[in-house]
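Paired with subunit B in one complex and with subunit C in the other, subunit A is shared by the two complexes that follow.
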Partner chain A sequence: MASLGTFLLLSSFVVCAYAAVSSVVGARRGSRRLIESGIGALYLVAALMAVATAVIINAFLTDDFSIRYVAAESETLQPLFYKITSYWGGLNGSIMFWVFLLSVFGSVAVWVNKERHRELIPYVVATISTVEMFFLYLMVVHKNPFTTFLTPAPADGTGLNPLLQNYWMAIHPPSLYTGFVGMTIPFAFGLAALITGNLDDSWLRAVRRWTMVAWLFLSFGLMLGMIWAYEVLAWGGYWGWDPVENAAVLPWFTATAFLHSVMVQERRSMLRVWNVTLVILTFFLTIFGTFLTRSGVVQSVHAFGDDPQLARLFTGFMVVILTFSFGLVIYRLPLLRARNSELDSWVSREAAFLANNWILLFCAFFVAFATMFPTLSEAVTGTRMTVGPPFFNKWMLPIGLVLLFLTGLGPLLAWRKSTVTNLIEQFAWPVGGMVVTLGALAALGFTQWAALTCFGLCAFVMTTIGQEFWRGAMVRRKNTGSDVFTALVGLVARNKRRYGGYIVHVGIVLIFVGFAGNAYKRDVTQLLQPGQQMTVGAYTVRNDQVKVIEDGQKQSVVAYISVFKGGKQIDTMYPAKASFRKHQNEPPRTDAAIRRTLPEDLYLVLASFDLGTQAISLNVVVNPLVNWVWLGFGLLAFGTGIALLPETTFSFALAKVGSPEAATTTVAVIVALMLFGAPRSAYAQHVELPGSISTPTNQLEKTMRDEIGCTCGSCAHEALSKCICGQAAQMREDLRAEIDSGKNHDQIISSLIVKYGGEHFLSQPLDRGFNRLAWLFPYLLGGVGVIGVSVVAMRWSKHGHDSETTDNAPQDAAMNERLDDELRNLD
Partner chain B sequence: MNSETSTERSEQGLQAWQFFVLAGLLCATVATFMARGQSVASIVLATVLMAATTIVGIAVLRTVRPLVFGDEDRTLMVGQRTRVALEREKALVLRSIKELEFDKAMGKLSESDFQEMSGRLRARATRLMRQLDAGGGYRAQVEQDLAKRIGEAPAPQAASFCSTCGTARDVDAKFCKNCGAKL
Partner chain C sequence: MTHRYIKITATAVVLSAAFGFMMWTTLRDGAEYFKHVDEVVSQRASLEGKKVQLHGYVIPGTILNKPNTLEYRFKVQNNPIRAGEPGQVMSISYTGIVPDTFKGEAEVVLKGQLTSDGGFHTDPNGVIAKCPSKYEAAGGAPAPAGL
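And now, the complex of A and B:
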């Protein structure tokens, strides 16, 4: 079986090469035969990869441990479901899975667009095949999942990493990969348009839908990752700016920017160069993200370890992508220049889109920079340091809020220019909504400025969207003479893209509400003797007993916790720690128990236990509004789905809606994550079991615990005030010792740097030397962006209306009448 | 299979790709029979494996076939582009005009901006409609196929436009469908 697999990979590689060459030659010589054959070869790759996939899954199901990859990722006792998902549980298999998805996605895209974009297809086929070739090459020469043992095969495998044995983790990678892989399609069409010089809007139309699909999967993948982190990593949050998370969110930013700026090109024929650039950049970032996580360049919770050769291969590929595609852009620059680009006013929707794009790009570059900074710093100064969540949050919180504001602002502005009356008419309700909400919240005693701003902006955006729906329905009612409800349904059906987009925006607002809830999070860790209880917020929890439960694969220690609210028992929860037999030397997996309700989650983590006395150290987190984040993602998917419905759907199903304008908001979702204020932690008096947190003795210790991150490597570099692992406890001891010896803040930092041999334990880089760059960079980036956008806008403003006349040929009346007829029939 | 190959040769009875489907079904049946008594998962997997192999066979055929037969290209072309592409573009332009009118009604566009933008779009729609009119329609294609099937030489395509107004005429038309002039 193993040699069959290798053979399939090799033949896929050869067929890919054939597809690329025959399509390019066919296109150059105008030979339909060669082009058709190239398309066939592309389908063939998908078929071959499907067989290879079946072969490797078969190896997992039959426990064929003579294959190294199977032995490393599976074991006999593993449940069937996780045996299948082990396929993409490791590095080699995930590359293969990637190629499989890409070949399927690419085949479908080519099949659908074969006739519509005939002139582009040969180069699309060539581009997709080339990308596939790269990954196949990686596998064949370096990371072959079908490699066998030279020595006799082991009797049993080591099993999938326990952290990955979770149903969210089973579907998270396929979704994320589909998103990543999907971004190859727009890139392939963009390149084909550049190569053939067919740079009118038609390639964009082919691509828009595919970008939306990929974007949807990407967002969905991000959400699944967040849920997984929330349930499995057991630190009470869902986003820690880990490099792997960042890698996934980078292309998401640029894809979102593209989905917005594409509308400007469709409507106003502006931003052509920009759109091509965004498509290329998005694809590049998907490869860059893979590079980050697979080559060990950055340290991360779930990076796959050091691999310099893989890093070199990826670097080479990335250089080729950048050189080739941007070379083409420069070569085609004369053709790309827009015919009527003029920005008539700074108060227009175009300007709002420009701002949106600039901010999204800022996010992408900032996150990329901050993720790479530790590596850069190590290369320049020789010491590795850390850029932790506080640094990200410092920037992403305000940026997220600005984006949220733009989400509400954009739909209100007119194209070309907004007049003053126009502005008053459009803004009255939304601003009113915001003021009322802010007033109400302030009256209720909410004071956190960030959360308050966020809630206010959410109200602003919601009123805007409500107003759009209402006014649209009114217009439609007037035109069609139907009742309001019918008009509303018809409205969405008729403008699926726009109103689907608004629905996505509503989803984003919900997500922001969830983020803002983070500011009111409560987090208490306390030692509970059997029968003893503690109270957090409205909840009282009691330690009933601790039990050990075994199955063949693992041994779990489960605490039985009774939960009371308002004096009545509402639930029994079972937080646990599970040790996997095959992973004895790793820390046990912490299984948090979560009680989900719409207003707040009760989140219990078994921090540590003593089986003899039945005492446990329990970490109780009350997370307000978390479920709104997931709900928001659901709505986001629904809105995108509506936008994706084919044109003809309306005629049959008037009740469906859809549109892609909404993407802006989503950005903010991720941005806001942990931004909102430091969680208020309360530390109860207790004995320090390993894994629980002692109370800080003074203010200095409290501040410094927030500044120092745990270096154990298995948590998301959490602050010492939060992390419950043994390493963190040791580090807290160190800190206490330093404080007791009477040193001040700076002295302690420098003595700890000596002690730990580097600055990596700090959650933000120190503002000195080379590291000052980390602090300067965002300002630089922002400044350059503002200047760039201004220059472009200025140049457009000067253009004037000189080029409008080309198309206004005299029209004959008969034609006009036919046109009007067809337009009427559209409704 | 794509539509061209499947419609075109349907009169020849068994087609090459159907052979692969039959072979695949046969193999899947044999595999299921041999795997009886094993878990459901492995039987499903064996079937999937056979299905994938079938697809490989068909895809190989799809790759080699154009090289060997060089099937005549039956796609309708209008100038340099396929008719499908032009029709789609026209639909999109019409949709854009609609959207623009809606924006106008929502107060998102001033009157003069609307005039200018909609004028541009209408001109584009008109141009596309003219192109589509001028290019050979589906009817001409059908006539041509029919002629070939009956064994006649394809009808002469020369005088296919109305001499008065320039609209494309159908092969059997006696009067112009646009201006009514006798042909």
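And now, the complex of A and C:
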């Protein structure tokens, strides 16, 4: 079996090489057949890697200890689940798992984009296969997971490290690797765009979604790692700025920056060089992170161990990536020049995005620098200096707060330029929310300035987001005449990316709330004789007894701790230390006992024990608000999910159900369940949702449906006969009502012009004598309104608050709001 | 255009200088010397009063724990126990929880300061013991034969 595995890896390497060469040659010569064969080869690699994966998992399941890797990572008694996860438990297997994921991801990405981005695909294939080749090379010559023992195979393996035998650790690496590997796809498309010179925004569209998916997995992987550290490493925290953690968070920073700056390029065609750079950097940092954790360059408790040869190979690869990619960027600079590179104003959303990008990039560089600092200082001065978590915190705390502030600031600023009036109107509520929160907290006696600032900013961001949802829903309610909740659902459904993004921001706020809770953490260690108790915060804990419990795989020493709060016993907790049979000459695993509540966690660690006297030293940690971090990640995933929903999600949902009512109810119930759980479904019955297009009752309706375009702004102004969005459904109903009231064609048009406040709903402007006059009327009305608004706005900005609101101001404000809304919803 | 570039360059220079300065000042507070036992013994004078991370190996049988307290005393040597030649030796004092991996022969990194009596006092939670077999670093897992 082992030789089959090695053979598969070797042939994958060869096929990869073929894929790279044939697609490049095919693209140069314009040979469709060569390109197709390259794509085929890429699929083949995925297939080969799948078989190789099957082979190694089979080896784990059948306890084939003649393979060294299996012997080192598994044992006969290991639970089935952990036998499978052992696949990525060690260095060699993790590289193989990496290649497997990359080959699958790459194939899917190529398959999806094959037709849409024909000109890019050959180079995408070439890039992906080159990256695969590198990792396959690592395995074949250096870290082959299929290496067998030259001596007789051992009777049993040593088993997976006990610390890794944990549910979270089983799913953390796949999630993190998926995130890392996913970042290869945007890189491949970016490179392809650079090589071919197709530098319009189409490559961005291809990778936006991918980056989002990869980012989601990366975030999720980070969270799983944090939960694992919190539950298993038993030190009471979840983030210690360890090099391995840092390595994982580096690409997260740049990917987050990219997801923001990509919007600026879409809207304003700015930051093109910047975006390509971010994509390249993100990919580079994934490789850099892999290098850090696997080469032993930095000291870490989690690292895989020293390996100078691996370090050299990785360094070479990284140099090649940087030289090649940035060489291409420089070569293509003339093509990348932005059409409008100047910012209109520093008080604009572009500027906020730019600031966000700089800070995120700074985070990445700072963390990279501080992580590498020991190595750097040794190389430069000869003395190894290190920096610890306090140094990171000193820097990352203020930076994090600024980022949080920008999260709230961005949505408040308009694109291009914000006027003073605009700013006052936008900032009133959020700033108010912040002040009220700060006042309330200060009155309650909170003093920690960093935590206070954080809570205040959280309130600021939350009010901003709330205001965005509220105003959007109000405008939509007015336009569609539905109730608020319906309007809210419609709003999110129509601008999934934008409102999904806001939900992600809410998640981020919750995470920051959790971080701020850290400021109030209590951590006390004390020796407890049997029956003795100690008090930390609101909790009193008592050492009842210490027992030894034995199961087949391990022997555990368990302390029985009674927990009291307010004089009453609320719980009994069992912190423990477990010695694994197969790891007897290794230290036992400390199993912390955690009592989770939303306000705070009680975290007990059995630090040491004396079975004779039953005395224990107990580490008691009270961790306020920790669970908000996990909740925040949940919301972040939910928001990303909404942003990722395909445009046609709702129409799919509808197409499968016969009658519109049933469909509406079904989708509404699903949406309601997603949002608020079952109790909300009563409301959801009213949800107005995009329907399948009803058949026109007569010729007039049929004709007019073609003449009128949907005004929702997200569907490229499609005719009512085609558009399936909710707005179109509403407009079809309006049209039906007009026809039913017996009006003729022109009357309907005029009446709709009045209703919709302009001619924008018409697919093509009508150009007939009489109609021009009819049209003029609302236009005059609108023009007067606009001039009125301008005059009022000018007088406001000139004379401050002395001018009274004129009669038509509310109406104009509403117009403005709608205009703003439509402008904002241009995606 | 050139005018714009000058502005950008000036901003960049000022910003990086500011960051550099801040970085330097915080680094002075935050950075700790990472030294092996041999180095600490030979450079004792220059390291007095500075924050030091001491790297060494716990000598088996030297770990003393005062009963019913978290006070520890032990000795570390410069070279791995299996190397035969111990190198320099230092006495360590520590109060707090020791990690599970802390025991004789363990490779440890201790954060703390030199004491006037020639020993080393470890900060609270300053004991980091390397687990030899976490993942598959050298030593823990069966050393692959033939390589």
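FYI, the second predicted complex is superposed on the first by the 648 of 827 C-alpha atoms of A that agree within 3 Å, B and C clash if a C-alpha of one lies under 4 Å from a C-alpha of the other, contacts with A are read in each partner's own complex, and residues count from 1 in each chain.
As a convention for this text, a residue touches a chain if its C-beta (ideal position, glycine included) is under 8 Å from a C-beta of that chain, and two chains touch if they have at least 3 such contacts.
This structure is a prediction, so every number in the text was calculated from the model and none was measured.
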item	value
First (subunit B), second (subunit C), both or neither touched by A:K554	neither
First (subunit B), second (subunit C), both or neither touched by A:R272	neither
First, second, both or neither for A:W395, with subunit B first and subunit C second	second
First (subunit B), second (subunit C), both or neither touched by A:K114	first
Contacts of A:H260 with subunit B and subunit C, given as first, second, both or neither	neither
First, second, both or neither for A:T419, with subunit B first and subunit C second	first
First, second, both or neither for A:N479, with subunit B first and subunit C second	first
Contacts of A:H172 with subunit B and subunit C, given as first, second, both or neither	neither
Of subunit B and subunit C, the chain that contacts the larger number of subunit A residues	B
Touching residues (chain side subunit A, partner subunit B) in the complex	15, 18, 32-34, 36-37, 39-41, 43-44, 46-48, 50-51, 53-55, 57-58, 61-62, 80, 111, 114-119, 202, 205, 266-267, 349, 414-417, 419, 422, 425-426, 468, 471-472, 475, 478-479, 494-495, 498, 647, 804, 807-809, 811, 814-816, 818-819, 822-823, 826-827
Of subunit A, residues touching subunit C in the complex	68, 71-73, 89-91, 147, 149-151, 154, 158, 161, 163, 299, 301-306, 362, 373-374, 377-378, 383-388, 390-391, 394-395, 525, 527, 529, 577, 583, 586-590, 605, 607-608, 615, 617, 619
Touch list for subunit C against partner subunit A, complex	19, 26-27, 29-35, 53, 68-70, 96-103, 109, 111, 128, 130-138, 140-142, 144-146
Interface residues, subunit B side, partner subunit A - complex	2, 39, 41-42, 45, 48-49, 52-53, 55-56, 58-67, 70-71, 73, 75, 80-82, 84-85, 88-89, 91-92, 94-99, 102-103, 105-110, 113, 116-117, 119-120, 122-127, 129-130, 178
